[in-house]
Amino acid sequence: MLRVMQKRSRKAGLPPGTPVHIGERKSEATRLTLLHYDAQSATEKEIQAVEECRAFRDMSGVTWINVTGLHEVERLAQLGNTLSLHPLVLEDIFNTDQRPKSEDYGEYIYVVLKALGNGDAEQEITAEQISLILGRHFVISFLESDSGIFNAVKERVLKNPDRFGKLGADYLAYALMDTVVDNYFAIFEKLGDRIEALQQSLVARPAQETLRALNTLKREMLYLRKSVWPLREVVSGLQRGDSPLIQKATGLYLRDLYDHIIHVIDTIETYRDMLSGMLDIYLSSLNMRLNEVMKVLTIIATIFMPLSFIVGVYGMNFRYMPELSWHWGYPLVLLLMLAIAGGMLVFFRRKKWI
Amino acid sequence: MLRVMQKRSRKAGLPPGTPVHIGERKSEATRLTLLHYDAQSATEKEIQAVEECRAFRDMSGVTWINVTGLHEVERLAQLGNTLSLHPLVLEDIFNTDQRPKSEDYGEYIYVVLKALGNGDAEQEITAEQISLILGRHFVISFLESDSGIFNAVKERVLKNPDRFGKLGADYLAYALMDTVVDNYFAIFEKLGDRIEALQQSLVARPAQETLRALNTLKREMLYLRKSVWPLREVVSGLQRGDSPLIQKATGLYLRDLYDHIIHVIDTIETYRDMLSGMLDIYLSSLNMRLNEVMKVLTIIATIFMPLSFIVGVYGMNFRYMPELSWHWGYPLVLLLMLAIAGGMLVFFRRKKWI
Amino acid sequence: MLRVMQKRSRKAGLPPGTPVHIGERKSEATRLTLLHYDAQSATEKEIQAVEECRAFRDMSGVTWINVTGLHEVERLAQLGNTLSLHPLVLEDIFNTDQRPKSEDYGEYIYVVLKALGNGDAEQEITAEQISLILGRHFVISFLESDSGIFNAVKERVLKNPDRFGKLGADYLAYALMDTVVDNYFAIFEKLGDRIEALQQSLVARPAQETLRALNTLKREMLYLRKSVWPLREVVSGLQRGDSPLIQKATGLYLRDLYDHIIHVIDTIETYRDMLSGMLDIYLSSLNMRLNEVMKVLTIIATIFMPLSFIVGVYGMNFRYMPELSWHWGYPLVLLLMLAIAGGMLVFFRRKKWI
Amino acid sequence: MLRVMQKRSRKAGLPPGTPVHIGERKSEATRLTLLHYDAQSATEKEIQAVEECRAFRDMSGVTWINVTGLHEVERLAQLGNTLSLHPLVLEDIFNTDQRPKSEDYGEYIYVVLKALGNGDAEQEITAEQISLILGRHFVISFLESDSGIFNAVKERVLKNPDRFGKLGADYLAYALMDTVVDNYFAIFEKLGDRIEALQQSLVARPAQETLRALNTLKREMLYLRKSVWPLREVVSGLQRGDSPLIQKATGLYLRDLYDHIIHVIDTIETYRDMLSGMLDIYLSSLNMRLNEVMKVLTIIATIFMPLSFIVGVYGMNFRYMPELSWHWGYPLVLLLMLAIAGGMLVFFRRKKWI
Amino acid sequence: MLRVMQKRSRKAGLPPGTPVHIGERKSEATRLTLLHYDAQSATEKEIQAVEECRAFRDMSGVTWINVTGLHEVERLAQLGNTLSLHPLVLEDIFNTDQRPKSEDYGEYIYVVLKALGNGDAEQEITAEQISLILGRHFVISFLESDSGIFNAVKERVLKNPDRFGKLGADYLAYALMDTVVDNYFAIFEKLGDRIEALQQSLVARPAQETLRALNTLKREMLYLRKSVWPLREVVSGLQRGDSPLIQKATGLYLRDLYDHIIHVIDTIETYRDMLSGMLDIYLSSLNMRLNEVMKVLTIIATIFMPLSFIVGVYGMNFRYMPELSWHWGYPLVLLLMLAIAGGMLVFFRRKKWI
């Protein structure tokens, strides 16, 4: 389930900048893959010793180091030191309870965002934190799990090194972020279907479970909102070109990405409004139902109470009750009661209760 | 029906800038019409081969290319290349799930907006995406369907080429946008009538269908809001004259357009407030009705329960019940019950229940 | 009644800048009055041919042309041409469905605002659109009806031409706007009284009509808000002195006017909050009432159901029921029932139901 | 009671700048007290003829003129002329329906704020308008009533002329405003106690009066908000040092005052949130209570209806009803009914209704 | 319990800048500890006479004076004078009812923030005001109680004087603030657990106490929001580097701190939304329950009222009722009633009531 807040107890009292892994362990092992490419060619290799990366730091062309699995804190801290990352950056990479943000450290830009996915269980949304380090000649990406979200990008790079090689490291960073945001659309399509289905069942038959489903959706919306909303500022910050690391040509692509994010945010807000509206329908359906129940009760009571009274009257044991000995007394009383019941029904029909 | 989000699944995993048609196919064929005019004359012709357009690109006077039907992706992509449009622009033109926006690409400005219309079914609102490319000497408009929304503008151009010819391509783009926004007013008049009618039926007789109609209106409002709200920024951006493509004289007209948009937005917000108020009326009508039902029940029960008790008393079979053998016993009991019923009625009258 | 939107159908398809009268016709004839004054003297005359106005355009001193009745479109369009007004200004003057705004056309400033009044029927609010054109030496005011709202200003000018003559045309425009805003206060006083009265009746006896009155007030508030809110920006824009047509001395008066508008807006928001609170009272009063009704029902049922059961028991026809032949059986049963009824009453008293 | 709006009818149609007293007359006579001090000494005297003030206008040291009672309009207008105040300032001083504001007239700054107090009746809040004129060498304060709110400041000046003399007229103005704001805290403490008490009684026993008290508090909050909220801008404007009349040293004190105002505003918002929460409790308490009432009714009906039916069965007069002549018929039926009643009670216990 | 406002009555009428202790006395004695360190070494000592501090004021290295317990007003005022603090700062330190803020006095920066903790009672949140004075070479911290919140920082300084010594006084101030904010996470984890537990119990069995717990949580949220929200501005103000007292290197750490605060604020807002959603669940659960109760009542009444009527009919004493003497009359009536009851049950099953 999506948690509002991760448990941070392991970290209490430690000095700022201490790298501690906060969050679930989502992958078996920590794997580092290095992809180096320029306008001519692209090569990929698995990395064991983090020192291997140092050579690539300032090499011309673009180097992309992809890290999956964050629990091997020491090894990754070593990687950070090799690339002279600030301790605070390292701390944030390991703490998977970050809100999306971008921080400019001069030499490199640090970007955090959340990738969304569908869990094993039907209708479950999972979130994974993705950290990107964008330097002049390199991009480092940190993923919590081995979900393969960046595989499509990797293949595109390997197939067209010339296209990517011309555009530089900032375009690679953009492509990674774009992949993450594109995934949002799939998630939101499914969410839309769930909301649609809920709305159907709400109108058909309001039940306590529907309300619970409604509330689960609302909580998920709150979470998604928290994950996507700050991304807007992140991308618009990058796009405005405050940093020399972002080239102008990439700015156009970032503007497009910004647009997609706004679209997602609009969708979240629309869904939230729809969910609020559904609660109103739910409550008024309950009220409607109560009204119906009470009408049935009232109709029954209003017809049978007077009738029961009448039969009670002729059940009294007074010695002198002339009607009792009339020959047509019984049928007359039956007729009288029929008339009363009929009159009541006409009354209810007039009031549009039946 | 208006969808919150179009299915984008066809697009997942493709690199940014790939043109894919997203949305329903709304027209049979893709048609290109070219209209060229200057202060002296105006000529119109149908275009088959997109290369024909290249000659007009930098020709003096104004060239308006109107495209209806977006599903012939390749042919239109070729048109885009002929006119050297950015791949991202092409991608956005084919993706009919854009929010209104304007993007300045230096050589040209790309504007997206939504035209609203009434569907075949009564009371259905349809939306169509319209893309405009405004260059120095040309305007290209992309429409999803053959709805003829721009026919009036075309005729005005053909009749008064001198007036349009003097004002340039930016005035043509304004005229097209103005037509789209003018159409909104007709849609909103109808919406206003529907809301009025709903309000009447709500007060007269609250029913579950009324609530559903209310909710449909609310959802439509959400959609319309999403379609119109960003337009405000689009037009104010154009009007502020950030681009040399917009002349000062056109700025006055854009200010007027901006005003119309604000008017539409105001109306949407007012309608939303009215719809919220109607929900409150609906809920309290339900409550009121329950109150009435319960009053009927209570009055009936309060009158007949004591009476039934009394007749029950004299239906007991005790051997020694002196009243039973009184000669006036029966009429006395009838009188007593009449008095009780009368007293109850007085009590209810005092409580203003009847 | 106040309409959210005027019917604009007559205008669909016309090019921008075409003058068409939109709105109700509120006066019999179109009348033009011209008032010319300088620091020495003031003269007033009725105008028939609009060309007479041309001479006054640049004459020293201040010329105020007051137009009442907007349906003689052609004659007024001619006036506009005589004074070289922009076609968009003319279009807006005739379209009485404008939101308050001010537009600077360099040579003159165009201001639209709404005058509020009380209709013939009790408790009806009417709105009239007022357009002002402020030039260097002249002010033109366009009124929908012959309501005489500016008579007081006219008299002040005729009595003290020296005072007005010294201050210029911008002060005259201010004085007209101030008159309109001053009128708001009277309208809001009456509205406050209506809200007060509604609150009284709400607490005394909630009824469906009260709810409807509440909703009417809410809608009126929405309308008034739309009429007053944008005025804030209009006046603050004029006051900031962006235009050379506004002198510094008049700025102080505009600041005062701005203050009044803020006061009106505050009042609207307070009224809206009060109306929202009243809905809560209404709903909870309904609930309270239902509670009371149900208590009566429950008390009656809880007392008489057990009693009816007891008398039913002794109405059974079993051959062997020893109690029936006891001599004190009947009085004992009566006592028992009295005790039960008493016990129930004590129970309800304890529960604070009675 | 606090009014949302004062009656302004006396003022309709008058030209702007006409001094008219709007509001209740809160004091018997209009009194003017003049206090002159410099770093060496301080003297106080009562003023009869307003011309006496003229001499002090530009005298070195600081002159504080305190005016209580605003109904002697002519005499005070004369004072205003003596000190060359702008007619709009005079108009605003007499109109006690101002929102807090500060206006810079170059030579002097005009500040309006609201002093709050407790009325004679328990739990009543009163408001008094206070106008301050801050010049280079003088401060003039206008109070509606003789409430003595500034007595403490006066004594501090008389005791420590050196301290005040060094700091200038702006510090005196600050000290007066600070006194007003300090008084707010006492008012809000009492309001907090009332809210606390209401919350107690709400939980203990919801009644219609509680709702009314809740609503009164809400309205008072609306009023207080209107009185305090604009003060924030007033003080922050003064503090930013736009005027040469405010010295830098006083800026620190104004920042402190600003802080207090923010504190008060925070408190108002918190109280408003608490009051909203209380309405929810109230409504759900009503619902809870209805639930309880209905449970009692249902339990009684569910137990006694079947029993009454059974005794009815054996009250039938069929000739052939074998049970009636059984010797153990009566006790068996009694046992049966006991069993049914017991079963019902077990059922309700299971449903946790009892 | 957390109070919205502290009693300030002791302070009414005093001149601004008078130091008075406002709030509870939370510690036995006032203790001053002085810690001096530079890049080489660190020493700690207890201080009795406040004059001892003067020597350290401008000494190179960093001096940290930690004060616990604020009730010895005179002694601490003397300390303030020794270090030439502004009277307004001293006043604010003693007034524990401040909202978080930072004030730049040139020579030093004054920061107030709130430390949160858990009280003795389960589920109680306590707040303590912490004041920091950051000068060029010194930091003074004022704590209300002896909670030892800064002990971890003290130990880190004593162990690594070199690390702290290099970074200066501003880093120490950051470390203290960071400690306070880190503590928030622990508090919010517990709050999250409480909300989770409440949600469980709400769904399982709505009761009046649940509502009260919900409301307590809401009030705590209001308080926490007031304590944390302004901190955002405080830290972002410090980080923007308006003051020369904050070095650039510390800016990075402050940005990290800012991030944490945003995270906390996000969490508060999410919790608030969740609590609002829970109220809706609660209310609809109440409604649901009422529906169920009423269904039981209606089913029972609808079955037994007609049956009771029938047995009543045959309990009448008419002389001529042929059915009574039929041999199969009694069993036939029983069968009839069984059929009616069965029909009713089928009807209810169809309506999905049972």
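Points to keep in mind about this one:
In order of appearance the chains are A, B, C, D and E, and numbering begins at 1 in each one.
The rule we apply is simple: a contact is a pair of C-beta atoms (placed from the backbone, for glycine too) under 8 Å apart; a residue touches a chain by one contact, two chains touch by 3 or more.
Keep in mind it's a predicted model, so treat the numbers as computed, not measured.
Fewest steps needed to get from chain B to chain E, stepping only to touching chains, is 2. Counted as hops between touching chains, the shortest connection from chain A to chain C is 2. Looking at chain C and chain E, the chains in contact with each of them are D. Note on chain D versus chain E: their Cα superposition corresponds to a rotation of 70 degrees, in steps of 5. Mean C-alpha position of chain A lies 26 Å from that of chain B. The mean-CA centres of chain A and chain D are about 42 angstrom from one another, to the nearest whole unit. The set of chain D residues that touch two or more partner chains comprises 283, 287, 290, 294, 297, 301, 305, 308, 312, 315-317, 321.
In terms of which chains touch, the assembly is arranged as a closed ring, every chain touching its two neighbours and no others.
Chain B makes touch with chain A in their complex at residues 4-5, 7-9, 11-13, 15-16, 86, 88, 91-92, 97-99, 101, 103, 105, 205, 208, 211-212, 215, 218-219, 222-223, 226, 279, 282-283, 286-287, 289-290, 293-294, 296-297, 300-301, 304-305, 307-308, 311-312, 314-317, 321, 323-327, 329-330, 333.
Note for the complex: chain B touches chain C at residues 152, 156, 175, 178, 182, 185-186, 188-189, 192, 203, 252-253, 255-256, 259, 262-263, 266-267, 270-271, 273-274, 277, 280-281, 283-285, 287-288, 290-291, 294-295, 297-298, 301-302, 305-306, 308-309, 312-313, 315-321, 352-353.
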